[in-house]
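The chains carry the letters A, B, C and D, assigned in the order they are written, with residues numbered from 1 in each.
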Amino acid sequence: MIPIEYWLVFSSLLFCIGAYGVLTRRNAIVVLMCIEIMLNSANINLVMFSSYHSVLHGVVDPSGYVFTLFTIAIAAAEVAVGLAILLSVYRRYQTIEIDKISILRW
Amino acid sequence: MLNAFMPQLLLVLFALIMPALDYMVKDKRWLAFVALTPLLGYAFALASWTLGGYWQPPSVETGVPLIEVNLFSGAFALAFVAVGIIVALSSPEFIRNERNQGEYYSLILLAVTGMTVVALATDLIVLFVGLEIAGIASFALSGFSKKERRSAEAATKYFIVGGFSSAMTLFAISLFYGVSGTTEIAAMGPQMEAMFSSVDGIRSAATLATVMLIAGLGFKIAAVPFHMWAPDVYEGAPTPISGLLAAASKKMGVAAMFKIFLVGIVVTKTDWEVAIAVIAVVTMTVGNLIAISQSNIKRMLAYSSIAQAGYILIVLPIGTEYAVAGGLFHVLTHAFMKSGAFMVVAALTVRGIGESLDDFRGLGKRSPFLALAMMLFLLSLAGIPPLAGFASKFVLFSSAVDASIDPGPSWLVWLAVAGVLNSALSLYYYARVIKKMYMEKGPEERVTVPTMTGAAIVIALVMVIVLGIYFDAVLELCREAAGSLLQAIP
Amino acid sequence: MIEDIPILSLIILLPFVGALASLMLGRREHLAKWVALAFSAAAFILSLLVTYEFVVDPYSASAGEIDGYSNGYQFYESHVWIESLGINYIVGLDGISLPLFVLTTLLCMLSVIFSWDTDRRPKEYFGLMLVLEVGILGVFVALDYFMFYIFWEIVLIPMYFLIGIWGGPRKDYAAIKFFIYTHIASLAMLLAIMAMYFEANIGTFGMEAIAGESIYFSRGMQLAIFAAMLFGFGVKLPMVPFHTWLPDAHVEAPTAGSVLLAGLLLKMGGYGLIRVAIPSLPSGAEDMVPVMAVIAVASILYGAILCLAQDDLKKMVAYSSISHMGFVLLGYSTLGELGVVAGVFQMFAHGLVTAVLFMMCGVVQHKCGTRLISLLGGLARKMPIAATLIAIGFLASLGLPGLVSFAAEFMVFAAVFFEWGLWIFLPMIAVAVTAAYYLWALQRSMFGPMTGKIDTWHLKDVDWYEGVPVAVLILLIALFGVFPSLVFSRIGPAVEIALRAFGGG
Amino acid sequence: MLEYAWLIPVFPFLAFLLISLLPKRTLSWEDGAGYAIGGAAGALVLSALVIGDVLAGNTMVGDGPKFTWLVIANLEVTFGIWVDQLTAVMLLVVSVVGTLVVVYSGGYMHEEGEKRRRYYAEIMLFISVMYGLVISDNYLQMFIFWELVGLCSYLLIGFWYEKPSAASAAKRAFIVTRVGDIMFMAGIIILFKYVGSLGFDNLFGEDGIAAVPNDMMILATALIFGGAIGKSAQFPLHEWLPDAMEGPTTVSALIHAATMVKAGVYLTARSYPLLVQAPETLLFVAVIGGVTALIAATVALAASDIKRVLAYSTISQLGYMTLALGAGGYLVVYADTAGGYSAALFHLMNHAFFKALLFLCAGSVIHAVGTNDMRLMGGLGKKMRITSLTMLVGAIAISGVPPLSGFWSKDEVLAAVYNAGEFDSLFFLLWAMGIATAFMTAFYMFRMWFMTFAGKPRSDYHAHESPKLMTVPLMILAVLAVSSGFALFVGDGFGVFAGESIAGLYHGEHHESAVDILAHIFGDPLTYVSLVLAIAGIVLAYRIYCVPGFDRTVFATGTAGRFQRALQNRWYISQFYDDFAVKVVYAFSLVADAFDRVVIDGLVNGFAFLGARSGNLLRKAQSGNVQRYTTIIVVGLCLLLMFMLYIAPGGWW
């Protein structure tokens, strides 16, 4: 069995990679993908903790798994809406480079 | 369980039929009335239960207690639904030139659904789902004016920051799940304590989770430094939606924070209370300071919302029942006064008047009603008696004083001091609008009030005045609601 | 008969109804002044009735309110308002509030008359003035902290508008400064009120009930609350160094606004101190005595010195208010019956006198188009009545015996000497300075040759609507100057009750 | 009769009300002169009755009707009336001079037209409150009227307010006397604290005096005397009186010579029961009196304005009275005699008559010539025979030549001072100053008379004798100036009038017949010293100002010149006050004003500016770039984490 710390480091790294992408990538689609990575890092955590607690308490704790399923569905919806928004932005700005989209400020 | 979910199901049902209805009716105003039906029904039911006690909701006894209908959720739901009504009522005139109006209303209904789910949730899963339903609906809503560049930009920013924050919230929740082994909010505390004593170093994991949760929910309520999206989005979004975001969506964050911080992780209160107190003070100060230098009224109201979030945040470090009641009360009154203020801006936009401060010049002459309403909303936001904003701020700040009285921690009184000083600061920019409206000369021609928006404003106005002068029943409700929230602490 | 009706509530309500009526006049805005006059006069007449009952028939006026009477309050009304916080609607009148109450109705009525020729947005003007009256009256009768605060704040808004719309050239700055500065002070008071409420922990905002507990608060707590209240009330008073809103507000406000501002709003600060702060927090007050005394003396001297430097007649009068209200605080700071009674009387006196002064400044402004002393000169020849009235006002203000301020100042000085001995000479310097700036101003503006810098050819003397209010006030100034005991005898017993916590003064 | 004494002020007050309130058309009767004369005469008659009653031995000291003015805490202030011999002296002076001046005004103010109404109203108010002051039975009541006479003085000095000098002089008079008033008030308050009452009956009673600690008694009496310094124009607060000459001459005669300026002396005399408890104060009083007498007399030597000469002479004579009161207190304390006290009051009465006479004569001259400057006069004696003769009577009287009134009282005063030297040798010095003053008085009075009436006209004017309405009062006053000195022989050296009022303070039986007094006076070599000096002064004035050919330019050069310039500049005292007011007080106020605007208000505005400015800076962080927003979120997150992990657990708050 892989020690829990490994999982944690893994998910944290994934989270950081996602966050780094959100902070630095210009293309909005990539940013969207990075957000998905971040959500998935949390999913890994949930699944991992679920099995960890099952082991710890000796009874199956399903809530982590269930949560993950919900999260995946939510992420899908989010991506759908996100893409739609990016589409409408592209119509108005002719770009999806997010640092160009900044008429709203100050 | 199904019984308790009836209102939400009803809302979702209406949300589903709205786009279809769009093809059937010619006069698009009917869409608003249809959308109002479930909202009004829900509001009526909530009011008669929470305020009148004429009716008792079915209790949730079977199955997993994922949701609970109690006065706390009732009070919050009441605020969300009320804002929903005001927003829906004032929308037809605002979006009269948009296509797909049916979707607009269904998104509003979905947003309200999500918010009420958050209010009802007793489990982190449900809570997160509710947050996301409302969040995704409001992403779409803020980009609804597709012809507007600003609207699209607002939606993009909202979406990116929102997604980022959702991820953080989720990560935080996953960590909490890890350190407590449960997603049930009420059970988190004892389980965490058990884990703390059995596993070393896990407390700092909890701290990390707390910080990320503050960031994730801080986005929702627009607490500094997680607030940066708010002004842009409020400015760019269709004005009624700005109202919805400021008056309801933000309160959803508050509801979630109350639940998690005051029930779920109250055991680690000593870890986070100072941090949140600092955030609260910084939030109100920064919000008010930047608001002073704004020349766009929607942006100014956005910063004012940020400041209001700061006021409400002081509830968390105080954490007494009275404080929660104050926070709740402020949520309610703020829902009315902030949405009212946004609706006045919406009404003016409908009549082709801009959003800049200078566009408000001479409004007192051009439209006495709108000017008076705006003035009362703003004065209420500033906390001038005898308006609702004063009453709720009074309770809110006094709770800080209350808690700081011996033997409580005396530093809490500084939260009240910061609050009142900020109220005075905020008066400056509110008064500037009033000055523009009444003391400066502007165009002469009269402005007629759009009927439905006017009706929405009247509702908000009546509430702002009534809650200011006679708030006994509502305050009593808030206290009981706070009691029912804190009851859940094992 | 009068004891059967809630007379105080009625008096507060009357101007409110008047304000609504005035604002709803629509196009018949020329009627606004008549509406305002009718309602303010009705309030005044009723307040006279109240005074009569208060003085002549004290028992029956408070019939059934044994509790109320024991604390010296008459016309006591008490209704539950916000039960969950223990907020009640309590009003009552005692010897401290009665003079100020009647002063309020009187000055409001006279201000309406004085503004008779207002033609710019008259509906709003008179409406706001009546709203202002509601607020001030409420402050003087409220016996519940929450109510007190609400009325206290209601006053700000109409005043803000009066300055902001009908004010002088720098009205924007003055209005917002007034609004925010005094609002900050109110908030300090609000915090103090909250602290008292929770520390007393008896679930009511009633002033008397809380006072019954608060006198037993710990020394530190009393000190903290009292300091906050002193700041809150002191800004209104105003006390140095928190006075700078006042000259701006006064100078820019329209005349009637200045009259009400100086005549009544400043009194709210002094009233609050003696109604709330001092009786409820005896040990805090005792600890703050040096602070109060130093601030009072500083206000008296500093205000007087500043008056010398002013070229604007109205600004000079404004600074003189700082100086004169310093006497109120100085009287209070002795914490003895003599000083406190004198302080209250000084408020009453200053209300009458300063109203005359501001009205006359308004006349000068109105007729000459300027208030700058360096442009005026020799007005007495063209405007003998105005010059006479202004001279009487100045003399009353500099404490000429036989006019109303003298008794107050003398008693304050006596109280100060009784308490602190020869420190009395510090504030006494101001008496000479006061005479100097008033007479110097009189010399330069009214006497001497005309400067030729203003159009004196068309100079008219006072109009009836300006002369009548001033004349009425001057008669009262003389009346209460010769018979101060008419007022003193009402204030005395009330102050005695208020100072009970000090063990008989 | 005494219980009706309160009616005395009522008559002139009614006249005041009528004159000021009657409609313009109904008023006339020469615009109020008639009402004024009526009011003054009514008061005169009543005063005469009261004086008669007092002469008959009746007094009302603390047993009259009282009116409660104020009850506050355990203190009570009552008002009432107090009539004793001292009151009677003042009543006599006020009523006689007041009535005569009002009659005289009928002629003097005739050309003023509409302004007469204001004049008569103010004069009537003055007379009324002056009576009020005189019959007050407590310090507070007295203070009230004290201030009110100051007010009337202010109004009447500024009667011709269009003249900048008049307006300025009025203001100065009020402010300077107010400085004294403040001291008076402080003194009252000190007594109030220890005795708990302000009534003379309580204060002067044994209990009252015993209640005041000794040092406080010294302070209180000195402060009360401070009021007298202001009102009676004593050094160093004397400079307002010459300026006050800007008012109509009738006003100068009534207020600034005969009555109001005597109020200070009256106050000091009234406070005798307290003063004798504090010999230190008495010495102070005497020194102030002596210095004032000398300094004022020197300035009068060089003045060229006829009214200023008289004004300085008034100050000088008031100094005499004060000196006498100071010395008299010593005599009461150590010699058990009321000699000095009586002398002071005797001089007060005499001076009122002859100085009013002098002023009214000067008024007659000014009326005729149209200027105050004696250098432009000359040779008026032939054209204005009555005026010149009556003025000569006044000049002789004040110079102290027997048997005119001034001689007797001045002699009594100097004798009292000399006698007091027995108990404190400082009085010898003061006596010498008094003698010097006597010499100078005679000199400058005759200098004035010669410059005005003798020689040839020095400018163009068509002088003529004044109308009957003016000359008749002059003649009556001249008669009084000659005869009032004989009051000394009426009873016990003026004792019936004065000494009796402090009868409780001394025990020396002091009955003298007229012959005794005469023998006493003329048996004393000192009498001759002052007499010789007075005559020398007259002769010297005659030599310099009447006999042609005297080269007066010697005064303008060298040491004499410097001396003369100093005198003409009034010893620079007035200039010092002006400089003090402008360069110190006003400059300080300008600095304070700048401080108020820049520092205090600057702080307020600074905070406001800071708020707006920092908002402006903070909003710049809102760049519009959404990645900036997320970056800030992450930075905030890290800071928060660090705070919670490392700083918050420290518990520093």
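As a convention for this text, a residue touches a chain if its C-beta (ideal position, glycine included) is under 8 Å from a C-beta of that chain, and two chains touch if they have at least 3 such contacts.
For clarity, every value in this text was computed on a predicted model and none was experimentally measured.
Colleague: Just tell me the minimum hop count from chain A to chain B, counting one hop per pair of touching chains.
Modeller: When the steps are counted carefully, the minimum from chain A to chain B is 1.
Colleague: Closest chain to the protein's overall Cα mean, using per-chain Cα means, please.
Modeller: C
Colleague: Using C-alpha centroids, which chain lies at the maximum separation from chain B?
Modeller: D
Colleague: Using mean C-alpha positions as chain centres, tell me how far chain B is from chain D in Å, no decimals.
Modeller: Their C-alpha centroids are separated by 77 Å.
Colleague: For chain A and chain C, what's the span in angstrom between their mean Cα positions?
Modeller: Centre separation, chain A to chain C: 65 Å.
Colleague: Measuring from the mean C-alpha position of chain B to the mean C-alpha position of chain C, what distance in angstrom results?
Modeller: Result: the chain centres lie 42 Å from each other.
Colleague: Please report how many Å separate the Cα centroid of chain A from that of chain D, as a whole number.
Modeller: 96
Colleague: Using the touch definition from the top, which residues of chain B touch two or more other chains?
Modeller: Only 156-157, 160, 164, 168, 231-232, 428 qualify.
Colleague: Which residue numbers or ranges of chain A touch two or more of the other chains?
Modeller: If we look for residues of chain A contacting two or more partner chains, we find 19, 22, 98, 101-105.
Colleague: Which positions in chain D touch two or more other chains at once?
Modeller: Touching at least two other chains: 608, 619, 622, 624, 626, 630.
Colleague: Could you please write down every pair of chains that are in touch?
Modeller: Result for touching pairs of chains: A-B, A-D, B-C, B-D, C-D.
Colleague: Quick check: in the complex, which residue numbers of chain D touch chain A?
Modeller: It comes out as residues 619-620, 622-627, 630-631, 634.
Colleague: What residues on chain B touch chain D, complex-wise?
Modeller: Of all residues in chain B, those touching chain D are 156-157, 160-161, 164-165, 168, 204, 207-208, 210-212, 214-215, 219, 224-226, 228-229, 231-232, 271-272, 274-275, 278-279, 286, 288-294, 411, 425, 428.
Colleague: Going by the contact rule set out above, which residues of chain D touch chain B in the complex?
Modeller: Listed in rising order, the residues of chain D that touch chain B are 608, 611-612, 614-616, 618-619, 621-622, 624, 626, 628-630, 632-633, 635-637, 640-641, 643-645, 648-649, 653.
Colleague: Could you please specify the touching residues of chain D with respect to chain C in the complex?
Modeller: So the residues of chain D touching chain C come out as 68-73, 75, 140, 143-148, 151, 154, 158, 161-164, 166-168, 170-171, 174-175, 178-179, 181-182, 185-186, 189-190, 192-193, 581, 585-586, 588-590, 592-593, 596, 600-601, 604, 608.
Colleague: Which part of chain B faces chain C closely enough to touch in the complex?
Modeller: 379, 384-386, 390, 394-395, 397-398, 401-402, 405, 413, 416-417, 420-421, 423-424, 427-428, 431-432, 434-435, 438-439, 470-472, 475-476, 479
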